[in-house]
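Across the two complexes that follow, subunit A remains constant while its partner is subunit B and subsequently subunit C.
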Partner chain A sequence: MPLLGQLALALALILAIYSIAANIYGLRGGHRDSIVSARHALWAMCAMVTVAVGVMWNALLHSDFTIHYVASYSSTTLPTVYKITALWGGQEGSLLFWTWLLSIFTAIVAYQNRRKNLEIAPYALSVMAGVAIFFLAMLNFVTRPFVLMAHVPLQGTDLNPLLQNYWMAIHPPSLYTGYVSATVPFAFGAAALITRKLDDTWIRTTRRWAIFSWFFLTLGNLFGARWAYEVLGWGGYWAWDPVENAAFMPWLVMTAYLHSVMIQERKDMLKVWNLALIGMVFGLTLFGTFITRSGVISSVHSFTQSGLGPYFLSFLIGVAVLYAILLIWRVNDLRSPAEFESYLSREAAFLFNNLALIGIAFAVFWGTLFPVLSEAVRGVKITVGPPFFNEVNAPLALALIFLMGVGPLIAWRRTTPRNLLRNFIAPAILGVATGLFAFAAGLREWYVLAAFSLAAFVLGTIIVEFRRGVTARRHMVSEPPVRALANLVAKNNRRYGGYVIHIGVIFAFVGIVGSSFFKTEVKRNVKPGQSFTIGAYQLHYLGLDPTETAHVETIRARVEVFKNGHEVAAMAPAKLFYKAAQQPATDVAIRTTPVADLYLVLAGYDDASGSATLQVFLTPLVFWIWLGGLVMAIGTVIAMWPNVRERAAIAAAVRGRVENAELAGEPFAGGQ
Partner chain B sequence: MSRKLRFVIGIAMVVAAIGYLITTAIQSTSEYYLTVNEVHARQNELRGQTVRVAGRVKPGTIRWDPDTLTLAFTMMALPAAESGGAVQPVSTSPPVYYDVISKGQPRPDMLADDRDVIVEGEIGSTNNLDARQVLTKCPSKYIPEKKG
Partner chain C sequence: MKTFLLIAAFASLLITSPSIAATNPPKTTRQEVAEGLTCQCGCGLTVANCNHPNCEFSVPVRGKIDAMIAKGMDRAQIIASFRKIYGEKVLSAPTTQGFNLFAWIIPPLALLAGIGIMALTLSRWRKTPQPAPASTPPTLPAADENDPMRRELERQLRERI
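Let's turn to the complex of A and B:
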């Protein structure tokens, strides 16, 4: 069986190379069937990688320890679900999984564009095949997943216990999906540069792919944060570790891209900028893999360090140089007749939103690479920790939130001050009132006051915008308000989905600010029967409770939680001991309410006396981060949802056999 | 003033502001990131400063008191072969050890003999470190214990 997997990967590599060759031959000589054959080769490549993944999953599920990877990342006692997730528990498997996603997306793009975008799709598919060749070459020659064991062990080494958690089961696939799907808009951008078809066809064609990528990057980051919160047991969710930064940077740049392409679609401006942004997103996905795998930057979660780093760096530099050359070569074709007219315009707001997002991304990049840079320049490694990132990003985040309120409400081209006043008076009053209320409630941190005021202001602008749409609609059609709202969103899903995402961002922002500024911590060594207090809670420690299974030993501390004399919860933080890996782990207990999370860690225990040391965090508003994430996800789904008008237009275009790539690509890019 | 120039000035101001933020934040928050041997070489200069030190847990030195959450262990240098070049000159100086004490934090799950750690803390007068944070590297792969 392992041989089958290896064979499939070899065939996939050959098919990817063939596909590019067939495309070049077909495009040069006008051989249409050669281009069709190139497409079929990509489907076959996808099938081959799928076979390899199937072989690996089969081996994991049957604990086939003849394969080195299975023996290293699984064991017979590992629960079935984690045998499945062990596919991305180690390096070879992660790369295999990555390649699989890439081959699936390539196959889908090939299918989507089988009858449209005939001028640029073969180039875009060749770019994707080129990326696939790099990953398949890694899998075939450098980090081979189907290496056999010289001596087959009876038991595997087991999956890292920290990864045996449901968030970790879904965090890497989400992030990888986000990373890999960013290849699609990048490939079309590169294809547009090669073919000189530099209108916004490439953007419209891949708009959904970009949002899809952003969706999974968002989820991937949030799942990772949630995992850190639940598993690492330090009461926080984000530590600005290089690995986290590597996931955060593409998200930031993709966010900038999604906003600035609207200016191009609308005003035919910022063409170079958009192409540069999507190039950066793709580069950052490779960079993320490079820094986590190369050991260049020390990270707490350093993965298996391997010889992979130089390959990724070379590929990254190669792609960056080629892309930059393409961009410079075409720069004269990318000049825009339009220009910015006024600071009081939506395009100006978007421009500064882009600057703030890229500014944050650059600060994160700089802080992440600083140890390497300082060593190169001054010969000594200097690190910057979370204080650096917080100090730089806090003011930029405020600016972004402010622009988020301004952007959607001000007109394209220019706005008169009077217009501005009319649109913003109600949200501004709401913002100021919130600030005053918070001040009266005793908040004195200027940052928190500003943050909460701005959050209220932005929510106000979004409400104004929804209300305006509903009112306008009810003037034209007589509908009850709720129906009007539903129809409004359905007809302009891209726009209102965007607003829903903004609401989610505001929720998450409030949660981040609240949990960063008002976290309290208590540590107590308690004997059974003793109690102590944190905030409004009384914690009553009952004793230790040991249990054991074949896979894991558990010591649980039983704690009753009282508020105002009433029992509100029974909590049981634990220490676990994984037998196969000979590794302890922490299982925290969390009680979540919208106001604050109560977070219990069993920091230490004494078997003999039954005493325990409990570390307790009371963290306000964390709940809103996860709720915000959910709202952002819902908003993204709304924005991605196929629009009825859009579908009808595509059908009409196909009926009319319109070969005009622009029309067939994405007839209705936005409902604005 | 032309529109274009007005926007160029605005953008330049924003970029300058971000640059200023980054520079000042780096000055106020940066810490040395050193290996055990490097810290030892600059011991006098660094005394009392907060630094990050990378090293390895000396086997058999971990002491943990769960009642007071006091963790103590001895940190040694990472083997030269793993920290840099392929061929290292044979060292003639005696190995350097640092005694790490961490108070009030839970014992990191991944802490064990011979594991790589990064300790953030204050350099004491002798070879000791008052740790604010002990970070353990979590390898995604385990090397099974050799028996016998």
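Let's turn to the complex of A and C:
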């Protein structure tokens, strides 16, 4: 079986190379059959990588320790779900998984474009195949997943206990899906540059792919934060770790891109900028992988390190240079008549939004790389940690939130100060009132007051926008409010889905600010029967509860939680010891409410006396971060939902272009 | 003028930006000092956040911080004493001296440069308005032309309902 996996990967590499060759031959000589053959080769490549993944999953599920990877990242006692997730628990497996996703997306793009975009799709597919060739070459020659053991062990060394967690089962696939699907808009952008088809066809074709990528980058970041919150046991969810930063940067730039393309679609502006942004997104996904794999920068999230770093760096530089050359080569073709009337316009707000997002992304990039730079220049290792990132990014975050409120309510082209005042008076009053209320409630940190005021202001602008839409609809068709709201969203799903996403961002922002400023911590060594308090909670420690399975030993502390004299929860934080891996781990207990999370860690214990050291965090508003993520996900689904009217408009546009092309006697090869 | 106001607004945000946790009372706390130090056990967290129960670095360092506070030392003095022992890598953020200053000034400078480039570009675009190309979809009337948002929205709804 391992041979089958290796053979499948070798065939996949050959098929990817063939696909590019067949596309070049077909495009240069006008051989349509060759282009079709190239597409079929990509489907076959996907099938081959799927076979390799199937072989690996089969080996993991059957604890086939003849394969080095299985022996290194699995054990006979590992629960089945983690045998499946062990595919992305180690270096070779995660690259295989990455390549599998890429091959699936490539196959889907090949299918979607089998009858349309015939001028640029073969080039885009060749770019995707080129990326696949790099990953397949790594799998065939550098980090081979099907290497056999010289001596087959009876037991594997098990999956890292930190990865034996529900969130780790879904965090890497989400993040990888976000990373890899960003290849699609990048490939079409590159294809547009190669073919000189520089209208917004490439953007329209890949709009859903870009939102899809953003959606999974969002989920990936949130799931990763949740994993850190539950598993690392320090009461936090984000530490500006290099790997966290590497996942955050593509999200920021993709967010900028999704806003910026609206200006191109609407006003035919910013063509160079949009192509540069999507190039940056793709480059940052490679940069993220480089950081995770190379060991250049140490990280709490980096579970695999190897000699892949130089290969990734070379590929990253190669892609960046080639893409930059393409962009510079076409820059004259990308110039468009710029139409800008006023700083008080939606396009100006979107541009400042782009600036803030890219500014944050740059600051994160700079802070992440600065230790490497310092070591190279001065020979001194330094740390760039949370204080740096918080200080540099905090004002930009406020600016971004402010622009999130301004953008939707001002018109394209220009708006007058009088109009601005009329649109913003109610949200501004809401914002100021919130700030005053927070001040009256005892908050004194100006950043918190500003953040909460701005959050309320943005929510106010969104409410005003929904209200305005519902009112207008009711004027037009006399619908009851709820139906008018539903129809408004359904018929303008992209726009209102975007507003829902903004609501989610505001929720998450409020959660981040609240949990960053007002976290309290207590650490107590307690004997059974003793109690202590944190905030409004009284914690009563009952004792330790040991349990054991074939896979893990568990010591669980039993704690009753009281509030105002009433028992509100029974919590049981634990220390785990994984037998095969011979490693300890922490299982925290969390009681979540919209106001605050009560977070218990069993920091230590004494078997003989039954005493325990409990570390307890009371962290306000964390709930809103996860709720914000859910709202963002719902908003994204709304924005991505197929819109019948939009499809009809696109179909009409394509029909129009076909007719025009036929009238002009040209073969039609574009469209949507 | 508006450009300069916008630049000034952004610049003032940067210049007056506080640390998210920068509300130092006169007398320091263990938490404040520990957040300024990076744990050297490999966890990648600050001494305040490392939760390894028997961490060989953060556990004794927290004790030492308590002792130094009891002696009356302030945050800067305590952090300086740890820096003397462990080197710069123990600090959780770069200093603001020498080469490390670049860590702090490059991001705001880059942002200001971005604002400048954008303002210049937009000013140029505004001075030389050009007719929209044939491929550009017809733009909507400016929102200020007679009762802006409602007319705009009603027009859109009329088209789409």
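As a convention for this text, the second predicted complex is superposed on the first by the 643 of 672 C-alpha atoms of A that agree within 3 Å, B and C clash if a C-alpha of one lies under 4 Å from a C-alpha of the other, contacts with A are read in each partner's own complex, and residues count from 1 in each chain.
The rule we apply is simple: a residue touches a chain if its C-beta (ideal position, glycine included) is under 8 Å from a C-beta of that chain, and two chains touch if they have at least 3 such contacts.
Everything numeric here is computed off the predicted structure, so don't read it as measured data.
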TODO: Determine, for the superposed arrangement built on subunit A, whether subunit B and subunit C clash or fit.
DONE: clash
Task: Touching partner for A:Arg114 - first (subunit B), second (subunit C), both, neither - done: neither
Open item on the list: Just checking: does A:Asp158 make contact with subunit B only, subunit C only, both, or neither of them? Give me first, second, both or neither.
Closed with: first
TODO: Have a look at where A:Asn525 lands relative to subunit B and subunit C in the superposition and call it first, second, both or neither.
DONE: first
- [ ] Applying the touch criterion given at the start, work out whether A:Phe362 contacts subunit B, subunit C, both or neither, answering first, second, both or neither.
- [x] both
Open item on the list: On the A-aligned overlay, A:Gly236 touches which partner chain: subunit B = first, subunit C = second, or both, or neither?
Closed with: second
Task: Which of subunit B and subunit C A:Ser72 touches, first, second, both or neither - done: first
TODO: Figure out whether A:Arg196 sits in contact with subunit B (first) or subunit C (second), or with both, or with neither.
DONE: neither
TODO: For A:Phe340, decide between first (touching subunit B), second (touching subunit C), both and neither.
DONE: both
Open item on the list: Going by the contact rule set out at the top, does A:Asn492 touch subunit B (first), subunit C (second), both, or neither?
Closed with: second
Open item on the list: Can you tell me whether subunit B or subunit C touches more residues on subunit A?
Closed with: C
Open item on the list: Considering only the listed stretches 23-31, 41-49 or 131-139 of subunit C, which one runs into subunit B in the superposition?
Closed with: 41-49
Task: Interface residues of subunit A shared between complexes with subunit B and subunit C - done: 233, 298, 300, 339-343, 348, 351-352, 355, 359, 362-363, 366-367, 370, 374, 380-385, 387-388, 391-392, 395-396, 586, 601, 603-604, 613, 615
TODO: Under the touch definition given earlier, write down the residues of subunit B that touch subunit A in their complex.
DONE: 3-4, 6-7, 10-11, 14-15, 18, 21-22, 24-26, 28-34, 52, 54, 64-69, 104-107, 109-110, 118, 120, 135-142, 144-145
Open item on the list: Which residues of subunit A touch subunit B once you look at their complex with the stated criterion?
Closed with: 72-73, 89-91, 157-158, 160-163, 233, 298, 300-304, 339-343, 348, 351-352, 355-356, 359, 362-363, 366-367, 370-371, 374, 380-385, 387-388, 391-392, 395-396, 523, 525, 581-586, 601, 603-606, 611-613, 615
TODO: Mind listing the subunit A positions that touch subunit C in their complex?
DONE: 199, 232-236, 239, 241, 266-268, 298-300, 336-343, 348, 351-352, 355, 358-359, 362-363, 366-367, 370, 374, 377-378, 380-388, 390-392, 394-396, 398-399, 409-416, 419, 423, 445-447, 468-469, 472-473, 475-477, 487, 491-492, 516-517, 521, 586, 601, 603-604, 613, 615, 645
- [ ] Quick one: which bits of subunit C touch subunit A in the complex? Just the residue numbers, please.
- [x] 2-3, 6, 10, 13-14, 16-23, 31, 35-36, 38, 42-46, 49-51, 53-54, 87-94, 99-100, 102-104, 106-108, 110-111, 114-115, 118, 122, 124-126, 129-133, 135-137, 139-140, 142-144, 148-150, 152-154, 156-158, 160-161
